[in-house]
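Two complexes, one shared chain (chain A), two partners (chain B, chain C).
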Partner chain A sequence: MSEPQTHFRTDEGAVAQILDCDIAIVGAGPAGLAAGEAAAGTGARVILLDTFAAPGGQYSMQPTQGDSPFTDTPAVRLAREATARLAARGVQILTRAEVFHAAKRQDGSFRLAVSQQGAARVIRAGAVIAATGAMERPLPFPGWTLPGVIGAGAAQRLLKTGTGSLGPQGKTVLAGSGPFLFAVAQTFAKAGAPLDHLVEMRRPGVREALGLFLAHPSRLPEALRLMADLKASRARRHSGHMVTRALGTTCLEAVEIAPLGPDGQPGMAAARVLDGVGTLAIGYGFQPVVDLTTQLGADHGHDPALGGFYCQTGADGGTSLAGLYAAGETCGLGGANPARLSGRIAGLSAARGLGFAAAPDETAIKALRRARDFAARLAALWPAPQRLPLSLPPDELICRCEDVRVTDIRAAIQDGAREAMAVKLWTRAGMGPCQGRICGAGLSAVLEEAGVTAIAAGYNRAHLPLRPTPIGIVRAAMASGEWDI
Partner chain B sequence: MSQPIRITLDGDEIEVAPDLPLTSILMERAPGWRESPRLQARRGMFCGMGLCFECVVEVDGQWTRACMERSRSGMEIRTADQRRSAGGGHV
Partner chain C sequence: MQRQQVQPPGEAGVIILGGGVIGLSLALALAEAGLRPLLIEARSFGGAVTAGSLAGIGVHMHGMAEFHLMTEACRLWRDLAAKVGNPFEYNPQGQIGFILDQEGMESGEAWVAEESALGAPCRLLTPAQLREIEPGLTGPVLGATWAPDSATVNPFFAARTLLRLAREAGALAFEHCPAAALLSQGGRITGVRLANGQEIRADHTILAAGPWSQEIAAPAGVMVPLRPRQAQCLVGLRQPPGTIRHVVSAVERRGGVDAGYTQIQQSVNGQILFNTVITPVDSGAAGRDRINEVPASFVTSSIDMLVRLFPALADLVLLRSWVRFEAVSPDARFMAGRLAPEGLWICAGDNGSGYCRALMLGRYLAGEISGNSRAGLAPDLVAQARALYAPARFSQQAA
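Right after this comes the complex of A and B.
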């Protein structure tokens, strides 16, 4: 039932395969790929692993169908070529491989427990680089659990890696806030998939945009291309609007939108309903994926401009835990360029830390500063809403895994739960398979209603298994004798 | 396009392209294919990247995320639709 593990076959007696390396890199997006290349170049033995079927992460995700219009984009090529170079250097690349547990041993080395297509592996590493990327930061709104309501990133991934169509009949609405919406609209245009409406909370003024591109003129062509593709998608653009409700009985049928007033609240008197909608792709921004780094106990900071909680690193990519490095969006949102640069820096530092000859790359360090400056200015044009300017009806769900309603959470807070962790123990919100990754932002919004700041609410420190894993694989990995007890 | 392959979806044999994310195949039919544990409410793909577990199905008897699996010849997919008509448990 709510115990997914019971649905797995348990392979009693299965034995974990042990893999040795100097540096293990978790995540094969732009950050992990760059880290791998830098580290392998020093002579270190590197294992690079990723949950997906092919390296690339978000920015460089690989299509599955030969006739896809995405097979030869610069982003897709980037990962394909980096992967070939890594393989030529002898980097061991594990795909469909998910880290579900990690620990640092007293001797200073690390162990990663990995589930790969029905098999258990334990990786021994002298140093670990967490390049686990980012994910959507879902904000709950009335009707958000209806089938057909999906993340903007989910729509993009489906269009890029599937047939090029989203599937459901009916109109498609793309909504939320931030420049990522334009990237998704561009994906619709390139896939040839119809996009009917674009609902955006904020449209930065010409003057603001001008300031950004005067400081970073090299980014202008890319932005102009995005705008041209948005026009080509022929989507009707509703600027200064937000989705106030998703409507339907067993799946999405319609979407209610309303204009935002000067106070930032939706003016419900002017709300209207878009009928005949099959898909609502919605995104209010991203958050770093920090399950691996919180489990290992590294220090994390909180900054709304970086997507909330992020793993703190020094200029060399090192975290507060010796031997653990972090790169890319694990350390805060920023996009593909900072990811690639911070990956290179962390790869070199991790190798140097283990005694390999690797001088710091001062050019990369400088370029990273500049790339992060662009990202910060871009993000400032679309401040991420920390909570939805909508009051949620008591029955609306916050935790999708355990069906926990707003009212249950408000009651727990009333009874004295003042932290994410306490709310979890009271209500089970955050205890399901998503481990709080999906409900975290909604939960902190409800805590904020009660005057508890996100920092005071804290994060759920992830625990074994980071992702639901077949029990036989967990047993095999844990019985390997590789862990301090 | 490569040759289509045959798979079984809730007891029906269908033809699909090989190596396709299962979410592509399932969304084409109807966007809700799972039931939530307490309310038994319809759910389907949400994050599309392996982190929410809303898209879970059974493939050849194993609990798995549809968004992370690809179509392979002969695979058998079971969703809440079949379990409901068969009166079995649910994911």
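Right after this comes the complex of A and C.
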């Protein structure tokens, strides 16, 4: 046996900056900010990371212009003030920072590899809180890949940040299912952006709404505000309808909608076309972002009411992996209130786990139960569709990255691919740049259609890199010597 | 998790345990030989070791002892692709063995001399000749070996095609159907019991479960000397077609895979697959079932070698990585043939290059099990296969 190949160094200058902390919090939305305040309050050294340019997450997304109509909304102010308090406490906040690798060492500590604006960092942490939030759960429908069709969450982000504009020409249609649509409609109203149509699959009855607010009267004012803003937007409301097609040649021109029958299927005989549409913002709900927690090997459960696969946590926010905590949407969709509360609980628990004096906040634990109950009732009123809302033509694209069509996926299932991983291998769906983020829900829905439940279909555990990352940055982080168990 | 409409039957001609490329090739060959094979796979067909393969099809640098068998193995893949319209991206792109130092040059010269003496079309390239064949490879190489007949297949699509062809030829195959134990009677293996309790009887049972073969066999008192070895790969974002035109590998030292290796190639969808292993990770048996992350040193050496050879890829974006577990035998050759208890066979021990050999081994065992020489390899190859792959070369029977 001859000697091994030489170990070459292509770029010895590129070394990762090593950052030390007690608690690293991934995600600076409502959950991460609350976790940061709670943990820093105990004296723990905290690093808070976020992908975006400023803390806040989707809920408290910070505008990029000073004169934005969102500058002084309560949500935006909340994150701005929390960020200022964190900075004053010495919390290190890394923005535009993406965690692309994570590991737990045998000594119980964690390492996170981070790509931040062209530089590599490695974070040493005694504990990690995953507050990675949620991402849209796009369900395919005919025409869903036409330019002009965007996610409802993406539309809201554009309006809130003021960084982009929706299609200037044509009407705007907001469609999908769930109470989030009202929040987006409110954002349209606040941004002064016209909203022409709201197409919602389900409109709960008066009796249902009454039941909800009798159980949670404190939530009524917020709901009334949402309804008032929806009315102020003067959008035409099509309840019990769904979008059955996006129409157009090179980009979106019109949207076909149809009323849903008692069987939940659209009645195509009564379908009609909304003409002159420039933007269709469509959302069938969200799903927890669980790449960090699946990579680290924490246990996950599945519940459609929580958005699908979610990271399981105990009452203290701890996952099945000692030292790893999860908060907010990562542990199942619930909105900003459960996020803040679970963030606070996880922040205190993580600090206590490292020996800092931090008594459990029983009030927050109780309030979280209530907030979760409200979220569960909302989810029951607007169940997220698990199957494709309507049967797709065989040539409809499911995976845009790899050009995989419904018919390819159905054929793979027919041939014996009976889990998400197997369908991915046999069709390449999910192997492209988005790594299944855009097509994953559609793929699961086609599996559901064939009788494979989401639980049986399983999830693809994340591996290095959690996000596409330049190899120079990967190399710098991995060469740091921090990864040897 | 048994979800098929139809349960496996209680009896089969031959039971194949494991639905990777080896088990699927066996199913196809046995079905064509009329032996009524029943394949059972614990999870998804081709979802484990097979899915992590780079699926190289070639004789280059595989050693002289197997040269003729490997030639036949490659021919079978080429013929299959031609016969069924190539649904699995069979791509005879050729293979480059890059040479970085004088010792590598000696290895390369020796490989080329030996293989061309047996009729292989391989030759040595000067750096200038190499640049014509692989323009992006501008790193500091002294030269390269060139095997123009080496090919690749898409490992996922090839497995899917084999499954389809095997079923069309009469094989039964069930996924998510783990085996619990071998059944034995009077010292003879008579079938398997599935995890759901169902028993299936067969005259012949073949272990084709790669690194899992041992744990299926052990409770029946059969020791299979295979150890799992971790292998891994990195994948970069899609690049323009022709960024890497051929399979680019390090000239293999005489120490074999354990002396380190490099393989770099561009997949049909444009992604760049690359790996350089300097020291193989020896993982315990449990490693097969809990898929680890790629080791940090592997990541750095793979990136360094890629950028050293292809400097223009320095800004490549890493998209994913994977780890798989190969089954390695003590002499790094397959175990293919009878085990000691009557009725039990094995076809495992891929040593990291099972894909190329799969169809050939399927044929070989179909001939051995059926006793029908027309179902198997040509007589001279059968003799070579028996000499090389006989499991009896290791003592596999427990006390």
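The rule we apply is simple: the second predicted complex is superposed on the first by the 467 of 485 C-alpha atoms of A that agree within 3 Å, B and C clash if a C-alpha of one lies under 4 Å from a C-alpha of the other, contacts with A are read in each partner's own complex, and residues count from 1 in each chain.
One rule holds for everything that comes next: a residue touches a chain if its C-beta (ideal position, glycine included) is under 8 Å from a C-beta of that chain, and two chains touch if they have at least 3 such contacts.
Computed from a prediction, not measured in an experiment: that's the story for all the values here.
Look at A:166: by the touch rule set out above, it reaches chain B but stays clear of chain C. Judged by the touch definition given at the top, the superposed model places A:402 against both chain B and chain C. Once the two complexes are laid over each other on the shared chain, residue contacts for A:432 go to chain B and to chain C alike.
Shared-chain residue A:479: touches chain C; no touch with chain B. Using the contact criterion defined above for the overlaid structures, shared-chain residue A:147 touches chain B, although it does not reach chain C.
Contacts of A:468 after superposition: both chain B and chain C are touched. Once chain A of one complex is fitted onto chain A of the other, the partner contacts of A:155 are limited to chain B, with no touch recorded for chain C.
Of the two partner chains, neither chain B nor chain C is touched by A:74. Contact with neither chain B nor chain C is seen for A:217 once the two complexes are overlaid on the shared chain.
Common to the chain B-facing and chain C-facing surfaces of chain A are residues 1-2, 4, 7-9, 402, 432-433, 468, 470.
Residue ranges of chain C in contact with chain A, taken from their complex: 1, 3, 43-47, 51, 100, 103, 107, 156-157, 160, 163-164, 173, 175-176, 236-238, 250, 253-256, 258-260, 262, 269, 271, 276, 278-279, 290-291, 293-296, 299-301, 303-308, 313-323. Remark: chain A residues 1-2, 4-11, 101, 103, 295, 297, 402, 412, 415-419, 421-422, 425-426, 428, 431-433, 435, 451-452, 456, 461, 463-465, 468-472, 474-475, 478-479, 483-484 touch chain C in the complex. Every residue of chain B that touches chain A in the complex is listed here, in rising order: 1-2, 17, 19-21, 23-24, 26-33, 36-39, 41-54, 56, 58, 61-63, 67-68, 70, 89-91. Contact residues of chain A toward chain B in the complex are 1-2, 4, 7-9, 51-53, 58, 64-67, 96, 98, 135-136, 138, 145-151, 153-155, 157-158, 161-163, 165-168, 250-252, 278-279, 289, 400-403, 432-434, 437-438, 467-468, 470.
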